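Heads up, the next two complexes both have subunit A, just with different partners, subunit B and then subunit C.
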Partner chain A sequence: MEADVGKGYARFFNGVSIFILAMCTLVMADNLILLYLGWEGVGLASYLLVGYYYKKPSAVAAGKKAFIVNRVGDLGLAVGIWLIWVNYGTIEFNTLFQVWQDMDHGVGGFDKSLIPYCLMLGAFGKSAQLPLYVWLPDAMEGPTPVSALIHAATMVTAGVYLIARTYPLFTLHPDALATVAWVGGLTAIFSATIGMAQYDFKRVFAYSTISQLGYMFMGLGVGTTFGAAYHTLTHAFFKALLFLTAGAIMHGFAGQLDLRKLSGLRKVPGFKIVSWTMLIGCLWLSAFPYSAGMLSKDVILVQALGGKDHGFVWLGWIGLITAAMTAYYAFRVWFRVCAGPVFYMPGEETHDDHDAHHDDHGAHATAPTSTTSHEFHPHAPRWAMNGVLIVIMLGAFATGIPGYMEMRGESNWAQVMMAHSSAFAGSVQAHVTDAVNFGMNPHQLVELFGTIASLGGIAIAMYFHLLQRKSADKLRAWLLAHNSIRWIPVAMENKWYVDEFYHACIRGPAWIAGQILHFTDKHVVDGLMVNGIGRIPAALGRLFQPLYNGVLQGYATTMAGGAALVVAWVVYRWLTSGVAA
Partner chain B sequence: MSSFLPMGPKILVLTPEIIVFGGSVVTSIIGLSRSKTLRKSVPLLAAITLLASLAALAMGYSHEAAEQAGVLMPHFNKIIKAIILVVGIGLVAISVGHIDRRMEEAVARGATTFDPMRVVRGEFYSFMLLSICGAMLIPGSPDLIWLFLALELTSLPTYIMVAMSRGTRRAQEAAVKYFFLGAMSTAIFLYGFALIYGSTGSLQLSTIRDVFTDQSARGGIDTLGITGLILCILGFCYKLAAAPMHFYAPDVYEGAANPVTGFLSFIPKIAGFSALAVLLSTVGWSGHAGFSETGALISGLPAPILATLWMICALTMTLGNIGALLQKSVKRMLAYSSISHTGYMVLAIIAGPGLGFEALLFYLISYGVTNLAIFGALSGLQKRGEDVESFEELSGIGRRYPGLAAWLAIGSGSLMGMPPLLGFWAKLMLFMAGVQAGHTPLVIIAAINSAVSVWYYLRLIGVPSLSPPGTSSEGVTKGPSSWPRFAGAVAAVTVIVLPLFASRILGNSAEFAPTNAKPTSATTPTAPVSTPKQTTGNSPQETPRQIDTQIALHSSPTRL
Partner chain C sequence: MIQYLLLLLPIISALVIVLSSQRAAKWIALIGSTASLIVAAVFAVQFPHWTTGGFWPDLNTSPILGNFGVDLKIGVDSVSLLLVLLTVFLTPLAIAGSFSAITTRMREYYAWFMILEASMLLAFMSRDIIFFYVGYEFTLIPMFFLISIWGGPMRGPAAIKFFIFTFLGSVFTLTSVIFVAVRHFDSTGTWTFAIADLVKFSSTQLSAREQFWVFVGLMSGFAIKTPFFPTHAWLPLAHDQAPTGGSVILAGVLLKLGTYGVFRFALPMAPIGAVECSTFFAILGIIAILYMSLVCWVQTDIKKLIAYSSVSHMGFVVLGLFALNPIGLQGAVMYMVNHGLSTGALFLCIGMMYERYHTKDMEQLGGLVSKMPVWSFFMIIFTLSSVGLPGLNGFVGEFLCLMGAFVAEHDQPAGYPGVLGPWYAVVAAIGLILGAMYLLIMLGKIVWGSLREPHGQEHAQDHAQDHGQAHAQHAEIQLPTDLNFREIAILAPIALACLAIGLYPKPLLNAVEPCVKDALVNYPAVIDQYNAKRGLVNPGAPVKQAEAKP
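Up next is the complex of A and B:
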């Protein structure tokens, strides 16, 4: 944002343009190869933008991590495309689905049944699902608009798009869709637990993104491609809104992201719009009744609770529990940061090179030691930011329209759109059964429990983080004091040690293998083979050098001798072969 | 000899040479004038002479007259002459001010008194024009005596030029070496001429060709003729600086002054290649064309000659490149590089008329122009009145003279064959000609050599432009005249720009074809340079039908 003006500022816009180009390519491609091109393109743009602050080691590491973890997924997609080509002889979507329909229209053999799993791996990598989600929280090292655009709204949903686009192929194996659904559901609840315990609110939003993506996959898996796509749409707006408010706060408080160090911002001059738009985002995220977020989430949950196979009902309950957790952590942020007494500590970011026009506080901002709220003057967002927030907020409202239309029994344009796509054509479109739980059908169930989850989560958050802030620390201390349960907060705060686990089990062995290969390359391939071959010409040169000794007679002898040798050889050949020329 | 032709067409064909010769006489006289201004105008006069000659060639040359005059390959003849003249103008330009600057430096130091008679030496340019005149006479030789005299006319002035180019003993030594070894090589090819005369009973090249055709129709050219031809080739190798006659090149090139080295690495070489082409046209490429077992078109040269050329080609490029690797002197390095380029060009001679000759001509243009860029830059520098010749002296000069370093870099890039510079297209065309003629192994050897050569060419890019200035490069300054630098600049720009117009330079290769053949666009790879894709796709897998037409193109030495 504004703070980044300076050398290499253009790189940011370059990267964003590359991203938009690649994302459009991905979405508009009519064949898998072009889709793959866009897929890799958005990966590249993501890498470039996450590592935008290339002087910051953590940003560079995050960029690398994003890229490398995505490689695993991309390998899956590449193999999937290859398998599709081998099995169906085409990579064009239209032809592919035609051939698929003509050929088997259902379960295929082993190589065919691998296709959905390969595509799934690609989707999980790009959309940060278990087990490949680890890159997304770190990717928040990038500039906040990038987090908003790429790592919340658009790129990460490419995986959802991929599965929706190739939906018919997921019937090739009976468990493929169920796998998608369960991975999505587990990711949703797993990352929600982590999100509940993070103090960096940009990271909270990052984990909430993973969690919401989990809902989308759950929707795909349980058979409502409309739900998944609709949730993608609503999520894009409210999550972008949340990230941009986070960015505005970061901007205002010198990079401060710790929700313990900010409080009552809605009363700080200039942060009113940020606070209220953030509230809208949080309400939408926590599926507040009749918000767009609730409308889209409910489609998924209804479908899950109505499902009969693969334990989809349980998945529905997991989704509901996650919804409560989501409401809790969303409002944990809002109550901490925007409500309560006014209190703030600036972050460590010193923007001294661009602050010439903010003379009133520039002197303070340049001194990182002045961390008390009395000396630090926050940097209120101006209309460049506020305007964007309001526009996106309006968008977030607008995404609810299809849902409201459906509630009124009118035809829903989002659903109509889906009905004409390959995602719909291949989907089972199982109608919600009349399964009855607690004497209610799924619709009623979700309406009731969804509302309870949402409001309950908000109420708990309100108690711990607005009304009785001390009690949250007490609860934590109590949990930590009991050995039998102290692992819960510790594990949640440390993100279940997944990074450490990957570090030990994957990065470690890979690092050792890399060292061995590097040694081999340096000393055997380069040292012996490449340089050895390279030395041959020079050695030959030294061998022949004595011939050029500068002595006239020597030259004459060598030349005449050479000529004589040539003549002798030719005459010999000619005489012995006995064949005339 | 009944075959002496009427003088009319002969004089018409020889007008350019006559102009150059006249210019040489005039320059040598003016060079003796008492007026310094007049003496200073000598290089200009030489350049005007060459321009006039070029104009005469462009306007007065007709294939019919040339054929009547006994020229075996009229089109080839014309283009060779044009190349010599154009590059010759550049060579004159890079020599300006060079011969005199040691004297001027000595006067400035007070070591000697100013002597107006020694300041501008017109005879140098006179010799230069004479040598150019000789080289121009070669491709049109109708008989062996003419060929011999023309070759000597090319070489003899160069011995003197080497001797007078610098005052050092090394120049004298180089001149003496060059002269003695040149005499030996002359003896070798003169012996070859004698044997050919013994075998065919004629000195007239067209008669020799007929006799050789007869002989091969009756079972093969006799031993005498073949041995004579091989001796000729070996003798010409001296002019080309090709193995096994290349030993003199590093010493002589190093001993001579920079512009003379530039001259030596081009004019005798193009003379040698013209001589080789003229001589081989009496045996080669006619009635011998056929298919190898793999179906590729093979050159029609008699087997022993093919074997000799094959060996010369492989040896020359390899020895040249290997020798260049370890050199500390730029000029020695360029000498070896010149040897290796000869090796590549022999490949074109083996490939024969059509694509091969086109490649040869294009390579000669490329080599001549690139040489001008490099020697222009080197001649534009001096160190206390002496030539700049070691890499150390060039170290870091790019900081003071970025232009000169750029010319060196562009020239080097072109010599190593870096796309999109001229040298790349020349090499590409050459290799394609080689592959098409069925000499893939040679092309592979050439490609490996080309890769090895990057090592030392990169030094000529890196040392002036990237290395820090060293102690030995401190005293290096610009030369007294800006003409060499200007010529280098023009040549460097040409290296970049010429590929765009390359297809127009050689003219339509249909001109290589006999008039009755109707070449289709597929069989006339006129413009591999402007349309590289098409041609690269074209050459290796041609349909047999296309190759048939190629044979038709290849099999008429009368028109070539």
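Up next is the complex of A and C:
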């Protein structure tokens, strides 16, 4: 995406190379310290690449935020590593799981049951789950290929990987996996609500990434590590595809990301491949029947609905509702941007001057520029971009294969691979067919309601965003007109004010504390104590006026020497008397 | 004899500098300090105890102070040698970093600098406590002049505060040392100031109460030098006002004298005292980490920010030291070296920026990456090293210090029970978040963003008043927009060292390990006793106690 990257190719590819190195270290590490190295390394790459457009204050702030919020999670991971070391005496995976198998060999320590929760915190930070998800939407400030590679396909799934890798340890506390599942499920529905109300479609995809990651954690939590890993795989392809199509559109329309200002792109010359690959991405994202996205999502939902305790059944229903919302917001983007009458407004980005970047990514976009579609000629993506999109689309198709085989009851490589990994050891992998809701077993249930959710979501999106576009605005106006329900659209569009909440409740007090402490340091510790004590010799000096020679060093020597003599004498007397007695 | 050569080289260079011309001074200093570096490298290659612990060379010399057993014994173990290497590595770089900044009284400046190097080396290499003390104290004098002559606008008060503060503290240290020596004389009838003898005597023969006070006395000096939390007041001003070279040495090496003192003297000499005080000092360390991080956050002056961050970082060292187990002590030693490298380099970077813009105010200056990309590259590397990013050196020490505190519980099976515990590490680890926060905010202001430059100061046209007299006599050395070759040659070796230590710390950790175990030899038993007094029983301990009693 040449225009996306702009000047500084070297810096860009340095960042990407650091990322690939760190990510490989992360997944290939055989011990937790090396994993931690990769973990922070991908964080560094993310920091450097999100802040790639360094002249844009919002990009710099986003990079910083990503790193700092991730640090909160890293703290959890670090504490988890220490706990593992204290309790098991090793941080190497193989030895660790061996020791775990001959459990409880008498090493007491800080409570073992905290280990899964600490690791969880790390995973939630890296994978943008509920308390710590706030950095990921902002990370979309980076170049779009970075969003596709790092913030959709690979790095953000590192948290899922961590939990899968250390899965046996999550049996150390009975509620640990349930916590993972619930955080995942709640994150999924929570971020879906935000995704439904964003106008910047790159942000929509960002929130959908958070939501899909929520599904993965739900899968881990309810006991299907296969489902989680498989969803990671399918999601990597279709979400990367969606981000790259978004990048192609940004490239073509001078950075335009507002889905209200673009329409009917499939009829704009040169944007056919973009539109149709985006459609594939949206279908996969909305779990269209028999797409790879549906196959992987269903594994998770079936397991959740078949769960017996921890309210997993409810979680399954949350997952189904989220699936409908997902289908809605995915096709809200597609119908708005790619279907309908041809109409477009360029963004404010000019290719030769990056100083002209403006932060127009808020929900309330700034006033459109005076350029109209008549004067503006979109840059159609060339074969390089189109080729990339097609390759990834083929990959998205291919990810369906293990799912089909699974569905037909054949053993497949993905399943076999999981069965031989630590992620399988200690997992519940319960048989779920006996649980019954509405007279149906979970498989039938998910098949029926999953299809309804997916098609229903698409249908609603089609009504509001293709057939009757006015009615969407009417609905919004109607919601805003009623005081009792006004908060729904307002909160959703403003991302439930979570950023503002964090800013007010964490950053604010810490900042004030910093100011107070700085003041204290300057005026109390230094001013009162140090300078106050420093005045004593001067005062003494005035008493002994003849000795007053005006050289400060003289006071120093006098003061220090005198103090030392006195102290030495007292201590020596007291100690020797103590020894004698 | 190479060890004496190492000590004499800086002194000889200082003498030559005094006799030479102003113009030649900086080159002689550079050559002299580079020669020291080479000699130290040869010394390090010859050093036989890298993995086995122990001192070298082991020479018996005769006392030079008559009847009192004061003896110029020079010898190092691997911890001392690491700090010696840090010193001789940073000194030529700091000297080269002063080339364009120091334009007045150059002979004096470089002569004092060489004297400073000599006294630091003496402190690290001495095996006699009196000579350690001489070196330790003598660093004050050159540093006092460096700050008070070539410093910023507030240099006078800064230098005086620095001097009085640290001098006052070390007087208590000396008192403790003399007390131990006197007690040694009382019980054996001979005078000695050899570190090994005094440590052995003090740790085994002194009563608990005596050890406590010896420890408090020693610590009051080292705590100010390090500095520990409430005694840090001299540091921000001194760092801020010192010239770049002075700041580099002050942060890079002089602060380590304090923690080195704790490691070499306070901990081995008075195990009982150390155990009793360990929670107190660990809490001070944690307060330093958190409190200083918050203070750093609100700084607008970048040099002050880094100065305060030193206090915060030394908090990690304190925590590692008072974990009182090999992990924590290894971490503390690693942190000393790493902090010397990364903070020294940060001060160098800031100095280079200051020479171009004559301001350190982050409100006026920012977005330098578009004007000085090479400088920004180094700035980012050293900041990330300071943040403790794995793969760079800062992480190694930080992680081990925290881990040391974490595992320092009473019932450790590894044979090193401790007094602290997980909560100390967890609370201190909040410093990881805060550290990332203030340092990345600093990067965001100064490196990233759109270019901001002070008004009317495009390029060093009007020199700041504090260098006014210099400007009158000497032509300003014109610097290019970005770093010149000399400046890159200063920063690149440090960056490489940071990367090398970060990626492969094992040789250093192996080198430190035996020394750390020597320093901690009395601790498991003492800690078990202390914990037993608190009602905490180590499952492995009763056997050891039974052995120890008869």
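A few notes on this one:
Note that in this section the second predicted complex is superposed on the first by the 485 of 581 C-alpha atoms of A that agree within 3 Å, B and C clash if a C-alpha of one lies under 4 Å from a C-alpha of the other, contacts with A are read in each partner's own complex, and residues count from 1 in each chain.
Heads up, the rule we're going with is that a contact is a pair of C-beta atoms (placed from the backbone, for glycine too) under 8 Å apart; a residue touches a chain by one contact, two chains touch by 3 or more.
Only a predicted model underlies this, so the values are computations on that prediction, with no experimental measurement involved.
In the superposed model, C is the one of subunit B and subunit C that contacts more residues of subunit A.
By the touch criterion stated above, A:Lys64 is placed in contact with subunit C alone, subunit B being left untouched.
When the shared chain is aligned, no partner comes close enough to touch A:Gly387: not subunit B, not subunit C.
In the superposed model, A:Gly41 makes contact with subunit C only, not with subunit B.
Of the two partner chains placed by superposition, only subunit C is touched by A:Ala568; subunit B is not.
Of the two partner chains placed by the overlay, neither subunit B nor subunit C lies in contact with A:Pro289. Annotation: subunit A residues 552, 555-556, 559-561, 563, 567, 571, 579 touch subunit B in one complex and subunit C in the other. On subunit B, the positions that touch subunit A within their shared complex are 176-177, 180-181, 184-185, 188, 216, 219-221, 223, 226-227, 230-231, 234, 238, 243-245, 247-248, 250-251, 302-305, 307-308, 311-312, 319, 321-323, 325-326, 452, 455. Interface of subunit A with subunit B (complex): residues 537-538, 540-542, 544-545, 547-548, 550, 552, 555-556, 558-563, 565-567, 569-571, 573-574, 579-581. Touching subunit A in their complex are the following residues of subunit C: 160-161, 163-165, 167-168, 171-172, 174-175, 178-179, 182, 207, 209-210, 213, 217, 230, 232-234, 291, 294-299, 367, 369-370, 384, 389-391, 395, 399, 402-403, 406-407, 409, 411, 413-414, 421-422, 425-426, 429-430, 432-434, 436-437, 440-441, 443-444, 447-450, 539.
On subunit A, the positions that touch subunit C within their shared complex are 36-37, 39-41, 44, 47, 51, 54-55, 57, 60-61, 63-64, 67-68, 71-72, 74-75, 78-79, 82-83, 85-86, 89, 107-110, 355, 510-511, 513-515, 517-518, 521, 525-526, 529-530, 534, 552-553, 555-556, 559-561, 563-564, 567-568, 571-572, 575, 578-579.
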